[in-house]
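A, B, C and D label the chains in the order they appear, each numbered from 1.
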Amino acid sequence: MRELLYRLKDRYHFGTPTFQRDDLCFVTVKRSELRAILTELRDVEGFTHLTLLTAVDWIEEQQFQLTYMINNREANLTLALRVMLDREDATGDTIHDLWPTAATYQRELREMFGINFPGSPRVDEEFILEGWTDLPPYRRDFDTLAYSQQTYHDRPGRETHDPKTHMQKVLYADYPKGAK
Amino acid sequence: MEDVDDKFLKKNKEVPLREELRPRKVTTPDGQEIEIEPLRDYFCEAQPKVHPKAYSKIVEDFYNWARSNSLWILGFGTGCGAIEMRPLMTPRFDAYRYGIQWRPTPRQANLLVISGYLSVKTLKRAIRAYEQMPQPKYVMGLGSCTINGGMYWDSYNTIKRLDDYLPVDLYIAGCMPRPEALLHGFMELKQIIRKGEAEGANKYAENFAQYKANQKAVIKDWDMPDYNW
Amino acid sequence: MVNPLLILAAGLGAAFLLGLLRETSERAAFHTTVGALAVMAFVALSWTVALASGQTDPVEMLTAGAKPPFAINLRTGIAEAALTSVVTLTGLLSAFFMRRDLLRLGRRAMAVLLVLIMALSGLIMTRDLFNMFVFLELIVIATAGLVLLSKDTRALAAGFKYLVVSQVISILLLIGIIFTYHANGSLNIDDISEVPMGANGASLAMFLVLIALILELKPFPANGWALDIYESAHPGFSAIFSAASGSAALFAVYKVLAMAGPDWALLAAGIGIVTFVGANLLALAQTHDRRLLGYSSVGQIGLILLVIGFADRLGDSFLYIAGGLLVSHAIAKAGLFWLSGMVKARDLSDWAALRENPVLVVLFAVFIAMLTGLPPFPAFYAKWSFVHVLATDGAYSLMAVFLIAALIEATVLFRWFGMALKRSSGHSLHISLTGEAIALIAAALAIAVSWVWGNLSGQENLITLVPLLFALLFLPLDILPARIKNVLAIAGLVFWFAVTKNGLDPLRYVFLIIMVLGGAILLLASFHATGRRMGFYTPALLMFAGMGLLVTSETSFQFFAAWEFLTVGSYFLILRGQDSEPHALSYITFSLGGAFALLAGFAIAANGAPTFPIENLSEVPSRIAPYVFVLLAAGFLTKTAVMGLHIWLPGAHAEAETDVSPMVSGILLKAGLFGLFVLLMEMGRQELFGVDLTIVLVWLGALSAFIGAVLSAFQEDAKRLLAYSSISQMGYAVFGLALMNHLGWLLALMFAINHFVYKSMLFLAVGGVKERTHTKLMYKMGGLITLMPFTFVSVLVGIIAMSGVPPLSGFGGRWIFYNAIMSTDLRLPMILIFMAGPVGFLYLFRLIHTIFLGQLKDELRLTKEAPFWILLPQMLFVGFLLSFAILPGMILRRVDSYIGTLFGDTPLVWTGKIVDSQYGTWNPVAIWGVIATVFVVVFILLIWMNHNAQKVKQFNIVFSAERPFKPQTTHFAWNFFAPYRKAMGFLETPVATSFWSGVSNMLHGTADFTRKLYTGNGQTYAVQLLFFVIAVYLIAMGGLS
Amino acid sequence: MNSLPNFEWVQVAYALLTLFIVINYGMVMTAVVRKIGARVGGRYGIPVWQNYIDLAKNIALRSKITHGVMFYLGPVFRLTGGVGLLLFVPTIYGSEWHQNFSYAGDLILALYFIFFGTLGMALGAGESGHPHSAIGVSRGLSQVTMAELPLALGVYALSLQYQTLDITEIVAAQQGSIFNWTVFTNPLATVAAMVAFVGTMMRSPFDVVIAPQEIPIGPPTEYHSSYLALMQTNRVLFPVAKTVIYMNLFFGGATSWAEFAIKVFCLYMVSVVIGVVHPRFRVEQSIRFFLKWGLPIGVLAILTV
């Protein structure tokens, strides 16, 4: 894995790789080079399987992070490529022509994060939600609790407890000593 | 609730009608152009009716006895509770001995068991299935999710109170309730039916406007007729 | 009477006179020419009439005041007179036809024309070999001259090639004449024939003379030079070249052959049949109309040469046969060439332009029918007699070759006709009133000679048959609105039924009801048609006339003529359908093939007689009886579309018009069944090579019943489904007949009646749906039950009846079926029939479900019920089916007792309305009573319980808690029996279709290969000619020595 | 009324009695069979009167819908088919009461009348517009084309053997000794017919027609309330009526109701026993099965008569 990164480092711009395990590594790449890297990894290095494509909302940095996790089954290696996108104009590059499954991931990202992938098949169609009109629900500026409160009625009399304090009260009523 | 963010305001946009339901023009074989209005042309527009009980009390009692001993459940599992219903068919619990059986089509079922949390998307299907069942029909809510949202109390996409949307005859508490609890629930339901108190369908018809308003408030892309016959 | 020499004199005189006229007075020249031709024609005709009516005797005309052999003599007998009439009339009419061109070209052209006609007449009349040579030379020069006068530049090349080849021929002839003179010391034909020459040293001489004259006939394959002329010359001239020159040359050959003696006849016959076959085969590959006509001319002349070769054996009938063929050829070919003059472009499909003028279409049809030898034209009688003679002589293989070639010819011509009727042409018609008038005169002549030949035939004169005349009456009436014609037609059919019904046995009576009265009922549906509906009633009534005549026919000749009438009529009817061109062609090909099998069968059975009463089939000697049986059965089975011979049926029935489909399916198929009835009634069981032929029929019937049903289940097209179902149903009927027992026959008859009723009904119903939905594909329909309730009812009743479910009449058929198979020893074929039964449910359910049930489509939401007139017959049929189901005895009882007289048994006992057999009981009234009572009780019960049911709409279905997307995606229809296809789809392998397309490809391949001989090069043609001569010489001399 | 020579009004009463007995017998028997199945699986099983309760419940339903006339008539056709079939066949041999209307026709009538209800039901289901109904019908019709074949062959062999199509005569010929039954005198025909019997009882392995897991119960998907009640009645009546035919043809008929009850039950259990131990065939598999096993046996049967 390391050796692989060394080999590629000359031609592509990599961020600092994070090794979760020996066979699992995260590395940030430039958006413009993503396609080239993926193609090379797929065709030359044997990373034939797109394990997942997902996103992280770094609202504080005003960025979305796309994670392309690809897997080499022969060598049992998993490499995750991170690409940062601008949060305001969230548009990624479709890779459905490299892995057809990517189209489905991209539809999901479009719906849940509002990241567009122009050219991806059926990307504008509904994926899981039906008739969703609000902010994409996985964005961190979407307040799911507030939305839930404003949309679905509570049953009167329902109580909500913080699990930690509640269980403490139920199970260890006299802890710490003299608390009562 | 104290931790609700008051600054967040949900958007209430209209969802456009789906393409296949929009009125359109087609050309007939003789070249005439006709207007198709799918919702009106394909679906019956009649409202549900309140069906009175049989004239004679004896007959009605007999009917109720038969109904209570022949509960046909729609094989429709909505959440994790669906897995709790399977053991009922096994030798250990054997619900068949109580006249309970599962039917694959709503037309032949008269008991809808909402077996767990209902996402809005599933709610739409549950409503449709419920409305397609013949009267009298009964609804059982399974687990705390149907009662007050349960662990999905803050989900953006899961309803919290089933009885806002469908007339529930009986709730079974638990997360999830075990098959024994279900069996007990069925016995309770039988008692209710025999007493002639399981008139959920009539209640639904009486308060149809209210129920519909509640349903449409959460299902924004209401892409079906008001009442699914 | 005027001296026939005046014919020659007038021609020559006028030609000289033309030379005296001024160059500019074309009109005068034309009038002179026409006048001269008219005089010639008048003289020839007057002699023909006088000789034919016996007013005068044949005359010998001596020239130069001396007797032969010192001077040339000419003769005018009936043959000569008739032929000169043909020649001069063709010349006269063609002159009119070429009027504009003749005026343009001036007096020289007219003179050449006159000389040509004169020379042709001379060639016919002369009795002197050298004189013949002189006339031939004149003809050659005149022909070349006329060809060169054409505007077409290719004509120049053609004319040159013609000259080259003609000179070769002339040299051969001249040498032959010299040798002959050397051997005989005389050139007079009558003198020479007194000393038979075959055996002596003069055979080479005779050969040369003969071959030269035969070469004039453009025998296959040494005829490329002539075809170029047909292709490029003026059509008016081509008419002369084909009709007149051909006739004259043929007569010359005849004279020389008569002179040469019988030894040479075989040579002529051989060349004749090779030419007939070869030319027709090549015609298959043609796309150029005139070249096709050329090939056809060559073929026809080859045919007549064949007949001439048989002149000895034909004896008295020779003139009748040869004349019939020749006259038909001359008139039809001239007529077609004239028509081609009015068509601008030269591709076969360009004849579509003819549709601008219905009269021309009719003329086209007349000429084609005449050429093909369909009744009532002379060639029909000629073919009938000729095949009978061949059969008597035992020349079976020759007969087979002849009939196959005739079939190819018919295919070629009808393919062309189909193109003209169905294709579209980019060119409009070159309308010329003269041309039309001339073609009309030719048609009138055709009818006149048909009358003459009919009178001479010694049989019925077909053209005076009332039904035929009635059908033809609708040609002039075609200007009337369709509804008036329809009333007339129905009245005619009912009248004909009333007139002919007396004295028929019950079997024929039932068939007469189906065919004639049934036709009248089906014609009710034709009231739906608006406008004039040109060209519908003549063929329809021709078909019904054929069927009416078929049932009442007593002799083999009447039977066959009726068969041909109904074949032709139905062909024209089928051709009317929208996309029916290829299907109509395959229909006519198979039907004529079947008809020719019938002809052969009758000819063999006739055993020397010109015709025989149908009953006498039972007296055919046992030596030939099985073969007769096979041939006749093949003919009938083609019509009932038994598996293997069925491929014409689905297309023909499916593509026909709404009211035509039931006619050709419900009624026409019964003609074959009727034939089989008659055949089996008269001939009974026959054995060939130790195989009982009825068992073969049983197997064929069972196979058709099963495979027809399976294929039907796989159809997407509603009418095709019904068509395949017809194959299956007819299979049952054939099966029943071939069981050769009382109940089997009753079964066949029951199927005949039932199939007529429910298939007509279903075809009408589906046709009505098609009228509204404009499609026949079932998966495009669906949910029409509420929009077309009456049609639904008729389909419902139809399918219950057809499937054999009690209480409707189909059950009666099944019941008789079981009783029939109980009384036979055959067991294995039953298995197929048993399999066919439930398969019937497959296609029937599919028919009703896919059209009427399921999801209604957007486009069809406003569909209206089928038109009243299409519904009316259906409702009549529904009524009939219901009453026939309760009271089957009203028809069956009489037929049952009649069949009882045939077999001498009474397996069914009728007590009141109950039928008892040895094995079981059938009590239709009780069945009805029980079922109706239970049904009504249950229905009332349900209404009592469910009277308050909410009526819902098409998408109110439980769709796994989803909402159906669109009706198209919710209607389960396409490939409905997919699981069945998985298991039984191997039966779909188109074995029969690939076999027949293999045959067709082989024929076309041969034609294409042979075509390569025709390079279009003059030298090649000359060399070919010489090779041909040498080859024939070697063969002939080998045969003679 | 010489068209109905044997008819007397009292026959209607007799026939109603037969019908009443058979329906009740069928109600209880099918429930017992299910109970046996449950006991084999270690369950307690449904009450034996459960069929009656279900029937009453379905009739007691308050709201009903209809998709159209044919939809309405479908169950009527279906039940008429069942009742008619029963009435066209003599139920108890030798009993004047339970000859029903068998004089209306013979074996052929019964065999073809089987299709009456099927056809009507298929039409009714078709009008509901539900694709699953159509798929079920397509499967059912495809399968029945081959499933009925061994029966037809067996019956043909049988009628050749007895030289009659009259059911009463066939039963009469089997009286006297158990070894006079067709099952002993013509075992091949019986086996062939039993193949068809198992194939048409809508039980596993031949129940892909109603396959609840993939096309919710096939043709009757849209049927409910009293429609379903009629069909339920038919569902207990029709198999019995059909079994009666088999009993009469191959197993010596019945001379008393007790014999009737035992024989019908045993025959019915044949298909049940086969059903519980075999997985389901797809349609083309079952067609091939009938072609491979049913057809040859049937052919042998008619060749060896």
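As a working rule, contacts are C-beta pairs under 8 Å (C-beta built on N, C-alpha and C of every residue); 3 or more make two chains touch, one makes a residue touch a chain.
Everything quoted here is computed from the prediction, not taken from an experiment.
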* Among the other chains, which touch chain B and chain C together? -> D
* To do: Would you indicate which pair of chains has the most C-beta pairs in contact?
  => C-D
* Asked: Of the chains shown, whose Cα mean is nearest the mean of all protein Cα atoms?
  -> C
* Structure fact -> Whole-angstrom distance, CA centroid of chain B to CA centroid of chain D, is 37
* Rounded Å distance between chain A and chain D, as computed from the means of their C-alpha atoms -> 61
* Asked: Distance from the CA centroid of chain C to that of chain D, rounded to the nearest Å?
  -> 53
* Asked: Just how far, in Å, is the C-alpha centre of chain C from the one of chain A?
  -> 79
* Overlap residues in chain D, where contacts from two or more other chains coincide -> 63-65, 216, 221-222, 225
* Residue numbers in chain C touching 2 or more other chains? -> 950-952, 954-956, 958
* Asked: So which bits of chain A are touching at least two other chains?
  -> none
* **Touching pairs - complete list by chain label** => A-B, B-C, B-D, C-D
* To do: Could you please specify the touching residues of chain A with respect to chain B in the complex?
  => 128-135, 137, 142-155, 158, 160
* Structure fact -> The residues of chain D that touch chain B in their complex are 38, 41-47, 50, 53-54, 56-57, 60-65, 212-213, 216-217, 220-225, 228
* Structure fact -> In their shared complex, chain C is touched by residues of chain B numbered 20, 24, 26-30, 32, 34, 36, 38, 41-44, 46, 76, 105-107, 125-126, 128-129, 132, 223-224, 228-229
* **Touching residues on chain C, where the partner in the complex is chain B** => 772-775, 858-863, 950-956, 958, 961-967
* Would you tell me which residues of chain B are touching chain A in their complex? => 1, 3-6, 8-15, 120-121, 124, 147-149, 153-161, 164, 217-223
